[in-house]
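Notes follow once the structure below has been shown.
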Amino acid sequence: MELILEQILNGLTLGGVYSLVALGLTLVYGIMHVPNFAHGAFYMVGAFAAFFLMSSFGLNYWVAMAGAGVIVAAIAVLAERLVFHPLRHHEGLHHMIAAIGILLFLEASAQAMFGADFRRMQTPYAGIISMGGVTLPSQRLLIIVAAFALMLALHLFLRKTTTGATIIAMAQNRDGAALVGIDANRVAMMTFAISGVLAAVAATLYAPINLVYPAMGNLVITKAFVIIVLGGMGSVPGAILGGLIIGFAESFGAFYISTDYKDIIAFVLLVVVLSVRPQGLFTTGAR
Amino acid sequence: MKLIDGKIGWMLLLALGIAFPFIAAGNDYYLTVMATAYIFAIATIGLNLITGYTGQFNLAHSGFMAVGAYTVGILTVDHNVPFWIAFALSGFVAAGLGFFVGLVSLRLKGHFFSIFTMCVGYIMYLLIEKWEGLTHGTVGIMGIPAPSPIAGFEFESPRAQYYLVLFFLVLAVFFMHRIANSLLGRTFMAIRNGDDLAEALGINLMRNKVLAFMLSVFYAGLAGGLYAGFVRFLGPGIAGVEHTFDMTMYMLVGGIGTLLGPLLGAIGVPWLTQYLQFLQDYRFIVFGPLLIILVIFVPHGIVGSYLGWKARNASRLASQNAARQTPAAGVVGRSQQKGSSHA
Amino acid sequence: MLEIQNLTKRFGGLSAVHDISISFEKNKINAIIGPNGAGKTTFFNLISGAIPPTSGKIVFDGKDVTGLRADQVAQLGVSRTFQATTLFERASVLDNLIVGHRLRTKSGLMDVLLNTRRLKEEERICRVKAQEALDFVGLSHVSHRIAADISQEERKRVAFALALATEPKMLLLDEPAGGVNPEETVGIAELIQKLVKHGMTVCLIEHKMDMIMNLADKIMVLNYGEKIAEGTPAQIRSNPIVIEAYLGSENAAA
Amino acid sequence: QEVVKIGFSGPLSGGAALYGKNVLMGMEMAANEVNAKGLEVGGKKYKLEIVSLDDKYNPSETAINVQRLIQQHKTPAVLVPHSGGIFAVQAFNEKANTLLLAYTSLPQVTERGNKMSVRIPPDFTIYIDPFIKVEMAKFGKNVAIAGADHDYAKAWTAAFKPKWEAAGGKVVAENPMSYNKATDFYSGVSKVLQDKPDVMFIGGASEPSALVAKQARDLGFKGGFLIMDQAKIDEMAKVIGGLGPLEGSVGVLPLAADPRPNAKLFVSNFKKIQPDRDPTSEIGLNYTAVHATAIAMKLAGTVTDGVKIREQMDKAFKTLPAENNPQEIEGLDPKGGTIANVLMGVVEGGKIKDVSLRTANAGK
Amino acid sequence: MLQLENVSLNYGSFRALDNINIHAKEGELVVLLGANGAGKSSIFLTTSGLHKAASGSIRFGKTELVGMKPSAIVEHGVVQCPEGRKLFPAMSVLKNLTLGGYVHRRDSKGIKSTLDEVFAMFPILHEKREMNAGSLSGGQQQMVAIGRSLMSRPKALLLDEPSLGLAPLVVKQMFEAIEKINKAGTTVMLAEQNAYAALRIASRAYVIEGGRIVMEGSRDELLNNEAVRKAYIGA
């Protein structure tokens, strides 16, 4: 029983982080129709930013997280302005390659600046919570709470505010949005900024129980892609649910099947789901 | 420039290819870079069939290349099958697997297909890594024999290997030229340009897409087989998605959906990265932005841009001719000319 | 020629096409009219196999074609144009048309790899058919232009030619004169008459009443997915239900 | 003054970049020392240069790089630090008469009979028995295998398992994990702990190994860790905040904790260049390899003939000055693998205690 | 009030508009006639800022619109109902309309009352208000597009072929609606193929061919012009 509970909590932890990363990806996809392969690099930059804000400037964990959010948002906005904006009339392939260009650049820059070393971020919440045989490091609990709070906030922002609606409108028809007076550029930049913040927060939350190094974003981003396809590209609830599904599948799969095949689980799941339901789990209508 | 278009252009390229070892004056490094580039060029030409001509961006391509490579590796090392037999199988094994993967994945469109195939590619990678009984897992397959001699020709020296790879590249280009310029190629391009319309015109989407996919991965498998005989060691890394990204980049740089473009890209880009090696750590700091600039400012690639320029020129000429024949029509002139018979 | 029995298509709760039965005769111009959203395009999609029906039966030329895929239906000789005129935008007009005849050819991969006689012959035929279709619609002079560059009316004509290149027995035309000015509309109407003269059966959707009334042999009126009337132009023009639902008093028979 | 170059092709970007850079650092340190002293071969003075090329861990790029090193830089010797690349180079290095300095403990590298290869690290199997003895005595007979799943770790596991069982132990759980790819070890570790092991076999790169150990302690594991030689105890300690969590573990002795004079000298020399870090064993071993190669050149009296240089390698290792041989390599076996007197480290009372493998083995 | 002076537009090397001079005075309803591809949509897209004029000036009152962002142009009251509708297909009809009032987003009462007006004009939209705009038929979507443009309470409304794809009955209602909007004080510029219906409610009209203005006149002048009748009215 405790073991199952532990796996559930672990699934929530993983799912929370995955969802945050996937959310940023899905938002940008929705607006720009860009599968942003550089998103994993944003995640990595977020972790490094928070790490150095804490270790070099002695900032508090939460302040460092906010700082990382600002830094990555700025980089994301810059990427939008300099790369994706000029490419907005081109096809998907060009975006992908350009995104890979950004990824190579950020990864190499991080390595040139900080070296290839693995680094470890300290958390202020190093304790372990033990309840009736269930052990859970407090950082993991923190991840769960913070990730889901952030998701809720994002959901409310998109659904209930007009500014949120402009993002969705832009996602559906760029020219149409411009013609009702929505400033397309501002929305695009805002979306990228949000996606950057989400990546940075996810990275800062996850880093204390993981390592910080230039290539850290690669696997996370592949899984995030699985998640958004699973959930339906551009769908916010889909990204959250998809993240949880993958989180749980990995947590339980690793425990009950084999850790060796843990990473395959996500991908096999996707292949199976799409074979049965080509439009993803949560999209309706045809494509 | 005119030369590059027709038969003469291709002959010139072939002559260059044959002369290269003499130009390189036996420098094995140049030969190795070139032969590796040719191997990837064969795979890239294949990728261009499904992605450039048929419009389905396949991200599992390097997975299929790995399938071809492992076919050769496993058969020669573990089962003592002669190299050429294993090599002949490599393309067919890849195509056979491609049939099933295509059947499932080609029901999806656009980015969904891409990401789905990315996952398929990743599964292939992980399977190669984990299925130790078959693939030797992460340890990899070592001691793959070099292509065995044919009619007295040995393929041990870099120069002989170079010519061997060149031979297959020429074959690959020749058949791709046939495919692309035939009714079949037109069918594929029709699917790329508008699949609803193509279907309404009686084109069986699934059958044609699967065929294009299989042909495309056949090329990948064959390239993989050559790779195995050339590098003589295989690890799961060959299936990594970054190889597909590389090939896509070659395609884009050269010109996607053209015959010559992917070839030029696959040869040119590796030389560029070789040249950039001196930058060491800063290589990708330069290369990343370079790629972005290229994609933004030369979106159709080198060959694509040239062809576009030529087409625009031609249509300008055509419309100039047309304008000379029919002087600018005013409201009156126009309706009178057409002589509407409407009551 | 075309027999429709109790054809129904539901999207979720909405019956876009509801229990329609009708038959269209050979070598005639059949028109479908009705308010926006009546289900006209959906009706075409069903016949052409683009979407499968929820229930009902479609018999073409004596064969049951219900549930066949679009390409199979096209093989049998039903060709269509789309409401928003779709062409292969990036290809030249002639290249657009050459593919149009592909479904009548048999060359496969082996022919291509071996460059067989059959392939060469079929390629020649495709080219000839394309040129013929283009001549038929009177557009030989634009054959080398890129499809994306030609005018709206020319696009409509190329779409016709594309449908013709498949050598159909029956043509489904979705708003062939939509977005075309009155003068050119006349030209398109003439083209449709010419098609029928050459043995084709035509089925068209149109909102331009003058055109329909002059052209059609038979008109079916749809409203909310249901057939509310069927008959000759004269009958339709004076049908009070149709006037109420669609035409308005102005277009009614004087 | 003429220049003689030794080549390097390894990962300098991507996930394994740190590893590649460490290897390169050791090589460059040696080259600088050689040049400071002056390299004289056959009466001529030479400057020794290390030429490095990035191959991203990709064997086909290794092959290209090494061809380039041979053709353009005329390197008589090249060093490659990963097995895939090594195998790719072995396809042609004998023909090219190029000495291949292979940095991998995989025995196949030398066992397949390549005449121009030298394996730099000692065969890893020498660690297994002493490690087992220590841990089994301290904690018990039940081991859970939770090592990494890459080529080297797999080979380790395969060699380790039968020996543990032969020593009367039991493998209660076997769950290798993807150390360099996994994002989280929670599930994997909790899975093996379920079977109540006394000892956990762990190891891959140091940093993720540390995370695995920490995860195990967080989940209440009280036993000992048997740490595969790729992971270094001192580096692990840095990640998890001291040696505390590693109490009772056994692994290779970190170079910085080696009490022997050679090692001490090397560490202090290294600290003069890099004051804020400790040298790793890959730095030390590749440092030694370059020194040995330089000596072999002198002995062979040529800087171009790889075959002659290879012939002198065994002698070169044997005549290495002590300060250039921190890990005390004693020579080459007939196939080209190094022989060394290696120490292991046992964490006891918050300190790393050194034990010679030979004495441990001898006491058997 | 809305004035285009010497406006030119290029698509690559193709000159789509060549020194266009047109204007609409306050409260006028000006019709643009022209064959397909004449450049009507191009004029509108340039005015709305979606395409960048190569030269010339577009003034609304005293404000120069060239170089302004599309969103700013809408804020100034120049609003377009585009050809091809450009709706938000996966949003409900209601949300589409509400977003139409984006520039007045702080005036929720105003939005509500405009919304009621739009529903009164197109009752079917009220019926379908919870449906996704993309699942509506072509004609219904056109109504949403017009409704959406009205939501921003434009001072000058640019309507690009509003009757495209509409049933005759609806076309008639549409023109009545446009006339009503115009009578209520909105300046309207209307591009139409349906020349007769358009001219009947127009104040003045321009005829465009090949990117140039070839004729200009009052409603009656054009209605009585033989060439125009022949080319665009067909009777």
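As written, the chains take the letters A, B, C, D and E, and residue 1 is the first residue of each chain.
The criterion applied here is as follows: contacts are C-beta pairs under 8 Å (C-beta built on N, C-alpha and C of every residue); 3 or more make two chains touch, one makes a residue touch a chain.
Composition by chain, UniProt nomenclature: A = Amino acid/amide ABC transporter membrane protein 1, HAAT family; B = Amino acid/amide ABC transporter membrane protein 2, HAAT family; C = Amino acid/amide ABC transporter ATP-binding protein 1, HAAT family; E = Amino acid/amide ABC transporter ATP-binding protein 2, HAAT family.
All values reported here derive from a predicted model rather than from experimental measurement.
Asks: To reach subunit B from subunit A by way of touching chains, what is the minimum number of steps?
Replies: Tracing touching chains, the least step count from subunit A to subunit B comes to 1.
Asks: Would you identify the chain whose Cα-based centre sits farthest away from the centre of subunit A?
Replies: Relative to subunit A, the chain whose C-alpha centre sits farthest away is C.
Asks: Check A-E against A-D and say which one is joined by more contacting C-beta pairs.
Replies: Greater number of contacting C-beta pairs: A-D.
Asks: Using mean Cα positions as chain centres, tell me which chain lies farthest from subunit E.
Replies: Looking at centroid distances, D is the chain farthest away.
Asks: Where the centres are mean C-alpha positions, what is the separation of subunit C from subunit D, in Å?
Replies: Each chain's C-alpha centroid was found; their separation is 73 Å.
Asks: Round to the nearest whole Å and give the separation of the Cα centres of subunit B and subunit D.
Replies: A distance of 40 Å separates the two centres.
Asks: How many angstrom lie between the centres of subunit A and subunit D, each centre taken as the mean Cα position?
Replies: 36
Asks: Touching two or more other chains, which residues of subunit D qualify?
Replies: Where subunit D meets two or more other chains at a single residue, that happens at 13, 149.
Asks: Could you say which residues in subunit A touch two or more other chains, in rising order?
Replies: 107-108, 111, 260, 263
Asks: Which subunit E residues touch at least two other chains?
Replies: Where subunit E meets two or more other chains at a single residue, that happens at 135, 230-231, 234.
Asks: Please give the residue numbers of subunit C that touch subunit B in the complex, ascending.
Replies: Residues in contact with subunit B: 48, 50, 69-72, 74-75, 79-80, 82, 86-91, 95, 98-100, 102-103, 105, 107-109, 111-113, 115, 119, 122-123, 126, 141, 144-146, 149, 162, 165-166, 182-183, 186-187.
Asks: Flag every residue of subunit B that touches subunit A in the complex, lowest number first.
Replies: That would be residues 51, 57, 104, 107-112, 114-116, 118-120, 122-123, 126-127, 130, 241, 245, 248-249, 252, 256, 281-285, 287-292, 295-296, 299 of subunit B.
Asks: If we count contacts the way the header does, which residues on subunit B are in touch with subunit C in the complex?
Replies: The touching residues are 175, 178-179, 182-187, 189-190, 193-194, 196-205, 211, 215, 311, 314-315, 318, 322, 335, 338, 340-342.
Asks: Considering only the defined contacts, which subunit E positions touch subunit A in the complex?
Replies: Residues 48-50, 69-72, 74-75, 79-80, 82, 85-91, 95, 98-103, 105, 132, 134-135, 148-149, 151-152.
Asks: Which bits of subunit A are touching subunit E when the two form their complex?
Replies: 162, 165-166, 168-169, 172-173, 175-185, 285
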